[in-house]
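We just call them A, B, C and D in the order they show up, numbering each chain from 1.
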Amino acid sequence: MLRVGVVGAAGRMGSQVCVAVEADPGLDLVAAVDPAGGQAAPAAGRMAITPERAALSEAGAEVVVDFSHIGAAMDTLEYCAGAGMHLVMGTSGFGPDRVARAGELFPGGPGRPNCIIVPNFALSAVLAVRFAELAAPWFDTAEVIELHHNAKVDAPSGTAISTAERMGKARGDTPWAHDPTTDEVLAGARGAIHASGVRIHSVRMNGMVAHEEIILGATGQTLTIRQDSYDRQSYMPGVVMAVKAIPGLEGATVGLERVLGI
Amino acid sequence: MLRVGVVGAAGRMGSQVCVAVEADPGLDLVAAVDPAGGQAAPAAGRMAITPERAALSEAGAEVVVDFSHIGAAMDTLEYCAGAGMHLVMGTSGFGPDRVARAGELFPGGPGRPNCIIVPNFALSAVLAVRFAELAAPWFDTAEVIELHHNAKVDAPSGTAISTAERMGKARGDTPWAHDPTTDEVLAGARGAIHASGVRIHSVRMNGMVAHEEIILGATGQTLTIRQDSYDRQSYMPGVVMAVKAIPGLEGATVGLERVLGI
Amino acid sequence: MLRVGVVGAAGRMGSQVCVAVEADPGLDLVAAVDPAGGQAAPAAGRMAITPERAALSEAGAEVVVDFSHIGAAMDTLEYCAGAGMHLVMGTSGFGPDRVARAGELFPGGPGRPNCIIVPNFALSAVLAVRFAELAAPWFDTAEVIELHHNAKVDAPSGTAISTAERMGKARGDTPWAHDPTTDEVLAGARGAIHASGVRIHSVRMNGMVAHEEIILGATGQTLTIRQDSYDRQSYMPGVVMAVKAIPGLEGATVGLERVLGI
Amino acid sequence: MLRVGVVGAAGRMGSQVCVAVEADPGLDLVAAVDPAGGQAAPAAGRMAITPERAALSEAGAEVVVDFSHIGAAMDTLEYCAGAGMHLVMGTSGFGPDRVARAGELFPGGPGRPNCIIVPNFALSAVLAVRFAELAAPWFDTAEVIELHHNAKVDAPSGTAISTAERMGKARGDTPWAHDPTTDEVLAGARGAIHASGVRIHSVRMNGMVAHEEIILGATGQTLTIRQDSYDRQSYMPGVVMAVKAIPGLEGATVGLERVLGI
């Protein structure tokens, strides 16, 4: 059994990670840390939460999962590199500089710990975007529809923008088919035009959670790739997968794609 | 067997109507007229085409179907009213004045012919819009996505606009839930805002034909109504239905809804 | 404000009803009863739960909502009829005998209470089934796909069976198009054949909740009606609607359809 | 411009290939052969059809496309290998023996012709199956729904069976989640069980053409991959792609996957 510690264990995501680790027969939750202190959410499992990262070493954690905030996350990065523990980083806010620092701290090599920084743990979303990218060169037209609950304030979603970007890059210099619209009777009907040439449409709907649909068309046929997230637990299979895969990675990695082998 | 005549029999739609009438065991094609003359399309069936409407009376047609152009269609309207023949009008361009004229010519009453003016013969589209209208009062949010082949020059489609209009009217004074978007990162992402408050998104996709999807949302649930037209033949079941139903109607009618009893 | 009491307030559904009633500006939660005693679920709102129905009268409840079990539900039926309170019955298990008894107890008439027995409060499901019924006469083929979480032990779902039944009845003597299959390479591929002639396919999928899709086809076109329930809260808008509508009903009613005017 | 000859040019598929080749600015149709003689379909383009394959050499064809029948196809295979022409084989019926023969005739090497045998030219279908295969290892449950026009006599479709097979192989020894169904109220509801453990559901629907949907589920999320073919022209982009790619292949290849780089 792989010995796992969680940092940010009192938070919304961290407490769910504790539960998911405890439920997995191949994993053993050995330490639950939260630098901000606080009580675990009711779902956080039976383990007491301590504010000190030292508990990770004392418990002999082999892999640490961090869902805290960006400041605490950098401390966890330094701590794990020093203590020789693998690190799965779920905290958001890692720009190029922080990714570079992770590369310095986790250079890889025999007997050294690895680090993976994961912007999105939802397997279905990671796969959907990757498949859209693989398909993009072979079609004439492509549009993205993202649908979210009606409390989301930004549009389009970050994932939709990133999908369009990656589809455009995958296509290289080949342009998409010319947009036929000459008469937009109501402004905005044709959606947002991303720099890649991919149109994005954002739907906000009571009852929905988080969904993305990519449609690609060629003569006589279409291909539709759709991802549906029904609740926050949709991140847990990706977290567990990263925890199990990290001993076999090499140095610092960004994104779940390499773990999925796609 | 109901005796049917077709006006505009050499045209794209009219020639298909001839084939559909010939194929139906309850209908008998007795006259094929095209005021513009011309040869029937290859699909137009075995009947010779004549330019004169008089052929309709000579053949004893009981129901006439007109798919011509608006000028010729008004002549057919006058002709059928005078000759005592029921008329299924498929030609587009009937505004309030022409509808009023049809009402004068086909007042209804014992032994008198009836007339039905049909803007859209696709049963699935007529039903989809009607169902969206029936559902509109019971949800908090609703958006329309219409998807068409990539040669369509206008956006949104007329059907989508009409759908939004009818949903708004069905709802009356009850407003939709407030749009949560405060940060439209890319302009147009949230689609076109129709006066009814229903957002419309237009997708143009190679391979597609004509499709409309209406999504309605309330706490914890959504209802989706989708209509797919795969080819022009999708109008034929509606034409045949109107031909069979018209003897039982009363005077002048607009739209297939009454035939469908919805 | 309409004064509302809840019976079964400590249960899964009843406790959510308490929360929904408290959250609605037009409703006032005045009594929370649970004959089985017990503690309210954490979501059950701030009101203390009492085991005695007498609390309903003492609090002056105008409408009672019952989500208990079938035995207790019959007691609530008698109690409300005697006390002159309208009753929204959400407990399942009402066969023809019990419905008849409700008719005797709630005969309607000036100043008398009404009762509505609701097998399914999910508006989207009620509307989807009704629309499938309205559409059934106009298509050649129809199949139902129901998709549920992978803990559901029965297949097909009760709603899918009821959908097929009602579509068959709506169609009357008109048969569906002949099934073309002569070579079922793998048994079961064509799904279950309901007596109505409608095929039903049951999908069980981790991540999903409760979803139903009805597809109808005619020449060149299809109509798809889809209902998605994302969580148990999807019943609440229907409960609130029934509570508000019941003073305007007449005697005993079964099903939300009449409230929806469809 | 690549010089292209077509064998089976009078047939349904072959005549469309002629049109597609003529329409492509990078391709030149130089010979149209049909061993069975016969007249080209109206869509077959302007080129006269000859029964002799010798016309291919006389016209200097660099790539030959064969859509004939299996007997004639083997003759084309021998002819092209002897004449040093690349061959795109669209005729179905190539089992292991015939594939082996193709490998002998087209061993690859500098200055030698190549051959590609393609069971399915619909890009969207080829990509959908490949993506299902790539995704299969990462989910707990997966089912396939294939939907076809109501004249298809076999169920499930060959593509659906092949999809299930490839998903099973991609998954290796990892079993899918246990099927929860203990009470199949109507036999067949849960579809056909393929040896891979993937359930397959076949829908037959008037109006539809050929469609496949693969749904995969994990905690809190689903991934849906859907392919829609709207008409027979959906094969043409794949044919044109294979024609252009074949000079860069090496020896004999089966399937469009390698051309697509997936």
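What we mean here is this: a residue touches a chain if its C-beta (ideal position, glycine included) is under 8 Å from a C-beta of that chain, and two chains touch if they have at least 3 such contacts.
Since the structure is predicted, the reported quantities are computational estimates derived from the model, not experimental observations.
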Any chain that touches subunit D and subunit C: A, B
Per Cα centroids, the chain farthest from subunit B: A
Chain centre separation (subunit A, subunit D; CA means) in Å: 35
Distance from the mean Cα position of subunit B to that of subunit A, given in whole angstrom: 47
Numbers and ranges of subunit D residues touching at least 2 other chains: 139, 207-208, 218-222, 228, 230-231, 234
Residue ranges of subunit A in contact with subunit D within the complex: 122-125, 127-128, 131, 134-135, 138-139, 216, 218-237, 241, 260, 262
Subunit A residues within the subunit B interface of the complex: 139-141, 143, 145, 147, 150-156, 161, 177, 179-194, 199-208, 215, 217-222
Subunit A - residues contacting subunit C, complex: 207-209, 228, 230-231, 234
